[in-house]
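Labels run A, B and C following the written order; every chain starts at residue 1.
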Amino acid sequence: MLLYDQRYRSITIQIFALFLLMLGAAWLIDNVISNLRLLGRTFSFNFLSQTSGYDINQRPIEYDSTMTHGRAALVGFLNTIILAIMGCALATVLGVLAGVLRLSNNWIISRLVTFYVEIFRNIPTLIWILIFGAVMAESMPAPSAFRGDDATSSMIFDAIAITNRGVYVPAVLFVTDLGYLTLGPVAPSLNWLLVIAVIVASLFANKALITHATRVQNATGIRPKTWWKSILILLVPVGAVFIALGAYLEYPELRGFNFAGGVHLRNSFLAMWLGLGIYTGAFIAEIVRGGILAISKGQTEAAFALGLQPGKTMRLVILPQAMRVIIPPLISQYLNLTKNTSLGLAVGYMDLRSTLGGITINQPGRELEGMLLLMAIYLAISLTISGLMNVYNSRVKLKER
Amino acid sequence: MSDTHANTVAYVRNEMLPPSDAPRSQTGAVKWMLENLFSGWANTAMTLISLLVIWWALSSVGPWLLNSVWTAGSLAECRAILDGATGACFSVITNRWHQLLFGFYPPHLYWRPVLTLVLLFVALAPVLFPALPRKLLVLSALYPFVGYHLLWGGSVWFPISVALGFVAGFVAYKLLLKVNNLLAIFGAILGPVLWWMFVAGQIDSALSSALPLGLEFVRSDRFGGFLISLIIGISGISLSLPIGILLALGRQSDMVFLKPVCVLVIEFIRGVPLITLLFNDSLLLNYFLPPGPAFDLILRVIIMVTLFASAYMAEVIRGGLAALPKGQYEAADALGLDYWKAQRLIIMPQALKISIPGIVNTFIGLFKDTTLVVFIGLLDPIGLSNAIRADTNWNGIYWELFIFIGALFFIFCFGMSRYSMYLERKLKTDHR
Amino acid sequence: MNKSVFLGTLAATALVAGLAQAQTTLETVKNRGELVCGSNTGQAGFGAPDANGVWQGFDVGFCRALAAAVLSDPNAVTFVPLTSQTRFSALASGEIDVLSRNTTWTFTRDVDLNFTFVGTNYYDGQGFMVNRELGVSSALELDGATVCIETGTTTELNLADYFRVNGMSYEPVPVDTAAEAQQQYLAGACDVYTTDISALASSRAAFAEPGDHVILPEVVSKEPLGPVVRHGDDNWADIVQWTLFALIAAEELGITSANLEELKAGSNNPEINRILGNDGGFGEMLGLDNEWAARAIAAVGNYGELFSTTIGDQTPIGLARGLNAQWTQGGLLYAPPFR
């Protein structure tokens, strides 16, 4: 009998277990089918092409209530991505800063940073999001406070207005409009694509410059000065593009009920961004601190013995090694932050969960299809992030031979 | 020589000077401050900025906290007492803290959740302190049933008949072990399942009608506040540990068919937000179960949270397994232990020990994530704070509630994280 | 945690599908000895738990009347608090027997979602509330305003339509709960708070300075709110429907909780006799007993009494009867004859 043969036992049991699992899955699917029949519904994603009928306040792409549910879901998806990228950036900056400062010799600042890390790490992120939402809505002046001669509030540098409906900052607009690039459902502005292309090109040019400098250093032992060349390469082309396109700043101004013009960072966005960014920053601070502490003191001493200055020791010896310890947990923090963007509904941020997983599910009542699609999209985002970060991780990983 | 000096050279000292104090800047508080706060211009600037931040925070929060009102019956009353001055209105907490802690649990039964929590520490003691006799582990094993009975009440025979299922499994295992190892494992799985399906119900109803013993039944919808967070958090973490171990072993193994399944489950659960899983509980679960009324929402949430935590637990334990030197596995093989014996006696005790800080961290994360149940309409502390804010008396209050809820979470999580750091330090010595 | 359900689920999960026999809702409710009623998560006057956790309100009262009619005990109700997002799946799945949570009767909900709206217990309409300081007197002056709105409700769609039709722009601030909406509105994070006028009134009553806020005269939608049951169980739908009609008819015919006992002894109005079960055996036709309507009225009073004790003039909510008066008083309430 197969069960008693050592060679086949494992396979037999596995096949048996797999069979049970498949039976379970079949049972679930059968239930779904019979439930759907009982409710008189069909399984279809047609609702995505129906008119949504609701408005979304934060629209990275063109959208209004006459467009489809699919389009609304796309808007939500883009909002999720924007929040995730901005949140990760804020969390990284804060986390690295706090992680390094917590190791500082300055007693008062290390205590202050410890306080920040502990208080944010130990209180649920949902509470922080609600608190930031409440702070924005309750403590900031209403737009009406900016009105009239006896205004109680005024704009910072006449350019930034902080109100209880969000923060208005100047927007960059162009005189010359190159039009739009139509890419299926999204139509990015060619002006901005050009700017991004120039920035990327500058970055590559700068990298080439540094590689060249390193080569010169390796050959001659003297590193050519590159900082002013770098600045030129990074700033001049972008500046030139901005001037050529006739870039100018549009300042927000009070019109009607609200400020108009400029970029409106809504309360919901700010609450999510600050809440998630600062919360995750506390975790990243601990990761960074742990990473730096994990490098043994001998490394620093060896670097000093070689005559490296403290700054170079940090940059050339400690950080490259610390990065290896830091990156894997950092990836999971980025993933956590991205998944936590789904709390947006708590403050009314119109992310994927609030559009596709909220209003859209609720209006045509297609919760089965909607939730499955929602989970699939989140899964795809997560897998993409962890895939990208794993590629990076394997590049910096210690090459063991 | 000294004699000559003493007599001949008048300007040479011939006795020791009394030791003088070190310069001010090199001692005591001044030295400490110079070294730690003002060692350079950058440091000085940071110190000043920090002081400014602290002063700003204290001056804006201090008066508000010091002026707190603790006795008013409504926000309007509070404002009347404050009479225009800034001040917190913590009366909302004194008024409603029972609700924030226990939800709508019947007040005369508050002793039951409290006793459950106290018993939790008793049950955890044998797990946490290896010095205690091993026999006490039986208490830990019994705890889930005692805890269930204390919290929900009802007939005492129900948890007993469920618990007997495990006994049935154990007996089946012991009996069949004499026949065959594999058969015994099947018996251990099938025994309880058959017991629960066919015997438990009868025994329960027979015994309850013959000898109606038990506590007053409390329905799930009376549960709320921190009670619900604790129930979900603690049951989620304790149930997820065994599942997590199995998933981790499956992922580490070389089983052709089951390994991909484990990887798929772990990656799927880790890839989606908890909130979508919770929404499945309230929106989709009914599609996946046979037509008919769904079972209790808290139970559903516990199941979902357990699944969620299992995936994270599996990764923590996989880390622990990976950290074990390969020699341990080889040593176990060399002793001729089979897979399960090797796991039970050699691998798992060490791997789990290494993973304890990770497990505690997962628990803290899970406990904080219990706040998400507010989205599916369970009245956890945040849900209750919404309900309180909807009340006419307390319309417009929020800081005080957030501070109270945040403080409770902080105390709990901070305590846990300190404990995990203590464990980390304690365990470190074993490996270096 | 209901243990039989728990064990049943274990058994069902372990065994095969299709164990569950088709049981009518009435049988399920009677076997359970309890009505499971979907309610609001907390809206003052309509459905909210009080400090002791006892549910109170207008929609809650209807469930109590139904429980009294079916189970002879107005307290044999479990209230499941549902958000606007979770309410329909809870009903579709059978988690609740009846949804009594200010739910608007619409075509798609009735037809596409396969629910049965048994009637209207509150005729509502969507309105706007603004701060008096803004000096706005008509909704048509709201171009460019920031509007707080509860997400997942029909109000969201009405709002989009109204502003689109009138060529105005607005900035929606979606919020999850009524409490959150009030918070945002009071803090000035939005100029306008829009929802059903009844809910606006109930919110305004709870404000510190109700006089500072005006509800604009425009009513931009029809919002007939009523109890909902699942499609396909007509007997249960009849029971819920006629319990509602019994409450409405009782007011029209002058049956109150005060004179109920007296009228039960016999009245010279044959319709009263039929409602109260002295004649016609109407309860038995529904599968209940003949006292059903009398018990419902005894539990919460007639429609007018329920209205005035929960949301009427004397309560902090302070709603006028308006459209919800009897048809004889110029309102829309019109119960079909008990005949």
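Here are some notes:
Please note the rule applied: a residue touches a chain if its C-beta (ideal position, glycine included) is under 8 Å from a C-beta of that chain, and two chains touch if they have at least 3 such contacts.
Here the structure is a predicted model, which is why all the values come from computation and not from measurement.
The set of chains in contact with subunit A as well as subunit B comprises C.
Look at the CA centroids: the one farthest from the centroid of subunit A belongs to C. Averaged C-alpha coordinates give centres for subunit A and subunit B that are 28 Å from one another.
We define each chain's centre as the mean of its Cα atoms; on that basis subunit B and subunit C are separated by 40 Å. Taken residue by residue, subunit C touches two or more other chains at 17-18, 89, 92, 180, 183, whereas all remaining positions touch fewer. Annotation for subunit B: residues touching 2 or more other chains are 283-284, 286-287, 289-291, 375, 398. Across the assembly, subunit A contributes residues 31, 34, 134, 138, 345-346, 361, 367 that each touch 2 or more other chains.
Residue ranges on subunit A touching subunit C, taken from their complex, read 27, 30-31, 34, 39-41, 53-57, 64-66, 134, 136-138, 142, 144, 164-165, 255-258, 260, 266-268, 345-346, 348, 350, 354, 358-359, 361-365, 367.
Residues 16-18, 84-85, 88-89, 92, 108-109, 112-114, 133-134, 142-146, 151-152, 156-157, 159-161, 164, 170-176, 180, 183-184, 187-191, 231 of subunit C touch subunit A in their complex.
Listing the residues of subunit A that touch subunit B in their complex gives 3, 9-11, 13-15, 17-18, 21, 28, 31-32, 34-36, 38, 101, 104-109, 112, 118-119, 121-127, 130-131, 134, 138, 335, 339-340, 342-343, 345-346, 353, 357, 361, 367-368, 371, 374-375, 378-379, 382-383.
In the complex of the two chains, the subunit B residues touching subunit A come out as 32, 35-37, 39, 43, 46-47, 50-51, 53-54, 182, 255-258, 261, 267-268, 270-276, 279-280, 283-284, 286-291, 364, 368-369, 371-372, 374-375, 382, 398-399, 402, 405-406, 409-410, 413-414, 417. Chain contact summary for the complex, subunit C toward subunit B: residues 1-15, 17-20, 28, 41-44, 48-49, 51-53, 78-83, 86, 89-90, 92-95, 177-180, 182-183, 186, 205-208, 316.
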